[in-house]
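Some structures to go through are shown next.
Here come two complexes built around chain A, the first alongside chain B, the second alongside chain C.
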Partner chain A sequence: MRFLTHKKRTKNPALVSVLLFLLLAVMTCVLQSEAMSLDWINLKAEAAMTLILAAVGETMVLLIGGIDLSIAGVISLTNSFSAIYMLDSGSSIISVSFACILMGLAVGLFNGIVIQKFKVQPFIVTFSTWFICGGIAYLVLPKDGGKPPVSFANAMVTKIGGRLSVAVILIFLLTAAWLYFKKTKLGIYMYAVGSSDKAASLNGINVFRVKLFAYAASGVFAALAGVYRTAVVTSGSPTAGESFFNQAIAASVIGGTLLTGGRGGAVGTIFGALVLKMIADILVFAGVSSYWSTLFQGLLLIMAVLISTVSEIMKDRKEMLA
Partner chain B sequence: MNGAEGRTFAPFIFRTADGTGFKPHVPVRIGVWKEENSMADFEMKNITKSFPGVKALDNAHFTADKGEIVALLGENGAGKSTLIKVLCGEHKADSGEIYFEGRPLKIHGTKSAIKQGICAVYQELSLIPDLTVAENLFLGVYDTAISGRVSYQELEKKTLELFHKYGVDVIDPWTKVSALPLPKRQMLEILKALSKDGEIIIFDEATSALSDRQASWLMDIIRNLADEGKIIIFISHRLDEIKALCTKVIVYRSGTDVADLPMEEADADQLVTLMLGREIGGYYPQKECFTKEEVLVSMKNVSSGHKLKDINLDLKAGEILGVGGLAGQGQAELFMALFGLVRTTGHIRIKGKDVRLKNPRTCIREGIALIPEDRGLQGLVLAQSIRENIVMAALDRIMKGIFISEQKEKEIVDEMIKTFSIKAESPETIAGTLSGGNQQKVVLGKQLATKPDILLMFDITRGVDVGTKKEMFNVIKQYAEEGKGILFYSTDMEELVNVCNSIVVMNQGKIAGRVDRELISRENILRVSVGEKAV
Partner chain C sequence: MKMKVQRHQTLIVSYLIAVILFAAISVYKPGFASIDHIRVLCSEAAIIGVVAIGQTFVIITGGIDLSVAWMVGIAAIMVTNTTHGLDENLIWAIPFILILTTLFGVVNGFCIAYLNMPPIVMTLGMNTVLQGGLVAVTQGAPGGAAPAFVKKMGQGSVIGMPYLILIWIVLAAAVTLLLFKMRYGRELFAVGNNATVAAYSGISVRKVTLTAYAVSGLTAGIAGMLLAGKVGQSYLGIGDNFQFQSIAAVAIGGTSLMGGNGNYLGTVAGAFTITIILAILAALNLPFGVQKMAYGIVVLFSVLMSVRKGLRK
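Moving on to the complex of A and B:
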């Protein structure tokens, strides 16, 4: 019966991640009160920025009901590439960054086209492109290293007005941009396609284009993440991206994005990424070995998912007996 | 098309004093003279469409004039849906042409079809559950501000205007569609198509989830649209509706058109014969009463939230008990309560034994089977074969130690395929490739393979063709004769009247009354549902 499957979904899916974020923020304030300062916030934002960029791209693909594993490869590739080829001049910085973005775009478009034209599962296609990009990254930069220009690194960690770093500003910009994008035609179409691509197509929505956009955006965001990492870490690594796929998915899910598509959004993801970073920090501060932090991130992930589903189940019961 | 260059006369338009004019429902043709290659306002010619292994459309034709309401009839799998999908740009025809007002129409996809004035109310709903009412109604045609953002004030305004224009009870534009019950969603689906202001409007099983009141609202709207000169294509399995509404009927069988005649020349028996290609005697089986004394289900003061209130009901062995009333009066919850899907208070006794129906598994163990309406979602695993689907719920019955006994499995599967005459090449055919009617039969087979004593049938004939319906009714009767208790709900009141021994009428979660044997009629069901006595 159809009525068995519909649930009232009015709660904001980002809620869990925001609450977790606030909780962890309070915990950090209590545990490390001496460390709390604007500088500290800047530092943390910079540390989380690579993940945030990667995860926001991933979220867009998850929203349309796909998955993009290739972000890991793209991050490795663009990180290695920019670490090697970027010279200390404004024009080089800009052109190399631009080239990286184009690479990300190309990979994203390739994913989107192959997945849809040849009807291959997104998992397989993006899994292959991950390997391809990862392989090229090894060719470009066989060992960790590279000397990206200091001026680029400095530019990325400049404090605007002497107070807030570029990363903090970027987080605000990304949030604002998403809230704006969500209510554009394309934004609504993405939710529609993710919810049911057949129904979306019946409404005259060009499903192919919407999905292609999501994969392309994911590629571009991954490239941005790779380039940003070059600035923050001031070196490149052909395996830089390896851990980012898992983390990006984790951040999206904690942020309330459904892996089945149609629900969630980048704001939750941003908070999800911050939460993941903060929990690692708190554990380090509490003197727990870093091996434990992955375990805790895993627990956090399952907890976040349970919180949202349990609340939904409770709500359903209430409605039934109201 | 005008007479000078065209080859037919447009349906005659009566001019009224104020010059607005109206068009009669039945096109009146004066001095119709047709040349060899004369054309109707809308024509689909020689449409052929093949899918791997099946020729869904074979040289099919479809013609209609402006102002006509054309019934498109056919069994499930006759090619109606494919024809509509070709017209709406969902499928591309292998060959064939489409003309509108004498000009060829090129349809390159759903968007292009909508742009050229073809819009459809789909049987499988095209609403996006995660979006709001307003977002859904104008999906694909949003007005955007210069900033690129969708203008939400405008959207709300347009939504309310749309409700107002068609006289529909206002639904909050910002509720998510997933939170609305099925009849409301079907209304939205209809409104969405109407908002597109197309020239050719297709109603594909649009009335199947509507209450009688909503259905008559829709018919009025369709008549108005025809008066405005639109072409209406109306698909329904309810012949009475078609009789009342349509001006012309086109019948499809095995992928091609077999008849095209004005409504007044067609009678119901003839249409059914045309659809099936053979005679079908008596649509409903002869009514008989097999009711015994033994009470299978006894509900005492059963309540569940505000949806079910104080239900007292007995279902006896061999009884076909109908559940009637307007749509959404708690009938669904009654069925859910008996299948352990909602929590209830009160007492339920099954075969004289007090039980707590806490989940579907307990219910199956107690010998209850639920056959739901929505075969794709709840009833069937589309990617699995007919065999796997049928034995899925009945594995306990075919186990030999820890292994599945292939022989027992085959027995059950063959029996079910035979009972319901499921049309498929073999039991290994994938359920998803079957036509709608056959899928519903597999669902029935699957539920009955557990050998239940109590059958809960919830709107099982929704979207099923006449031939299949007839077989289903026969099977229902047969099961009643075997002494099973059957609780039967249908949105089609005609079915309730013709199939059931007794009918309980529900209103606002309560049982408003009961209509027994000789008194069963549409009028009496309505009477009871508004609180009067059956006469």
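Moving on to the complex of A and C:
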């Protein structure tokens, strides 16, 4: 009868990141009270948006128990491509963005199919596609540069109703979309596959299709991140995406998503990404040399994952004793 | 005999790939097969091969070590910086560097084996920490010349045989003995094959795993110092290529990335294949982007091939 007395895990995994976010927000308010304004919030949201998009895609792959390193390559590729080929006209902006999304989709589908058809571990396949995409990025744009149209950059940082920037609206839209998606059939299937793909398959879920969807979504989100970066940074770089894999994993894990799959979600990830950005800001404010920022990034990634794995070990131990 | 050929099929295929590639490019570029150039290629393969020793161990356990890039980098930079290019400082510098990189490996291994960290995230995080730490400590401007002795090991040769290759042969022999004739080697394969079964057979799975990562730190340290000697100096990012190259060498050598089987002699072939591919790409004057793509494609294909073989079994 143990399964009846077993305490259900009702705690929301996103809770930690939301609390961290609030704590950091209060800290920033106290430290930089003169800087606080709606404009400041808009700026911060714009700075975090690229990471948010990349990390939400990564979260979907983590949920089904996979991992996607190729987001780094896809971001570099789409960032370089859109920085070079986008012209200053509405039709060009739309068609180039669409082409980038298709690239991301193609990479994601390729990952999903190869991983499952050949039964290779996700990381080695996505590692290879990272390099392939990164290589193409170098061919498209050998060194940092490119002149994306000003109108595109302006459109992305425009204030809707003169107050909130596109990024803030996007954060709300993404949150709402995820909360809806979670309850759809596909969303529920994703959690089921992540918890146990065998059990999911026995229950009649098409595991192949669910996993394929997750990798495809990750590719598309990475492409969106690359295109968004073009607008915010107003240039391209063949190495734009290099650090995003680290950060996307860190954001997901801080947001309560388990690397083993089946638990977590995009809302936590969004707050996780915001937390990462705010910590970076506070470090700058505290006068920590930028030389140390890479070190903190790595430590943060390790600490975030460590806390989640150690707490799992503790939980297992407690359950064993109970 | 036929059994033997079948058992060593992967190994033979690995060497065949290297030989065919080499023959093909030699026809196209006659200078490629000159003794001098072969010596250069062997020296380059040696350093990849030494990094790949630890990588082979780790991959046999079913893990992966992405932190070799900056462990190599730290060893290379420290052997030039802390010694100020003077031989007499090597007496303490070499042991110090080797202990340090081994310790990094131990930290990796501890977090992975005892705290259940996923290897890929742990070692990637470690790589970032090492990179950040080194950049912070050196304020972004390391460098310096390698001491004469290190340079001699990296560039010199005795009776036409580069020291690098001699060192590699000695290490390769030791590793092969360790893997196939000693208890630790058998335990390593057992852990990679099935950790649960290994644990029930009385093998300390955690200790064996931890040791594999420690070995990876040690060999990355050795390779880093040799690399500094070969290049004659050090710079930030000197080890970056080894992250991918060491994994590719192991994968091309027929060691399954799922763990549980493998052979360092295959990795040796993989190191040669990678070196030859690199030399071909350089000889064809291809842009950096194509080189990067080619890496990705080569690794993907070799991994798919090794997995297919596994499935057929």
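One rule holds for everything that comes next: the second predicted complex is superposed on the first by the 284 of 322 C-alpha atoms of A that agree within 3 Å, B and C clash if a C-alpha of one lies under 4 Å from a C-alpha of the other, contacts with A are read in each partner's own complex, and residues count from 1 in each chain.
Keep in mind that, in the parts below, a residue touches a chain if its C-beta (ideal position, glycine included) is under 8 Å from a C-beta of that chain, and two chains touch if they have at least 3 such contacts.
All of these numbers come straight from a predicted model, not from anything done at the bench.
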Touched partner set for A:Ala286, first chain B, second chain C, both or neither: neither
First, second, both or neither for A:Ile94, with chain B first and chain C second: neither
First (chain B), second (chain C), both or neither touched by A:Leu179: neither
Per-residue touch tally on chain A - higher for chain B or for chain C: C
Contacts of A:Leu23 with chain B and chain C, given as first, second, both or neither: neither
Partner chain(s) touched by A:Leu38 [first = chain B, second = chain C, both, neither]: neither
Partner chain in contact with A:Gly135 - chain B first, chain C second, else both or neither: second
Which superposed partner A:Ala155 touches (first chain B, second chain C, both, neither): neither
Which of chain B and chain C A:Val305 touches, first, second, both or neither: second
Contact footprint of chain B on chain A as seen in their complex: 1-10, 180, 183-185, 188, 191-192, 194-196, 198-206, 262-263, 317, 319-322
Chain A partner contacts - residues on chain B that touch it in the complex: 88, 90, 109-111, 113-115, 120, 122, 124-131, 135, 139-142, 144, 148-150, 152, 176, 178-182, 304-307, 332, 335-336, 341-343, 372-374, 377-378, 458
Touching residues on chain C, where the partner in the complex is chain A: 64, 111, 115-118, 120-122, 124-133, 135-136, 139-140, 244, 247, 251, 257-258, 287-297, 299-300, 303-304, 307-308, 311
Interface residues, chain A side, partner chain C - complex: 67, 114, 118-121, 123-125, 127-132, 134-140, 142, 238, 245-246, 249, 259, 289, 291-299, 301-302, 305-306, 309-310, 312-313
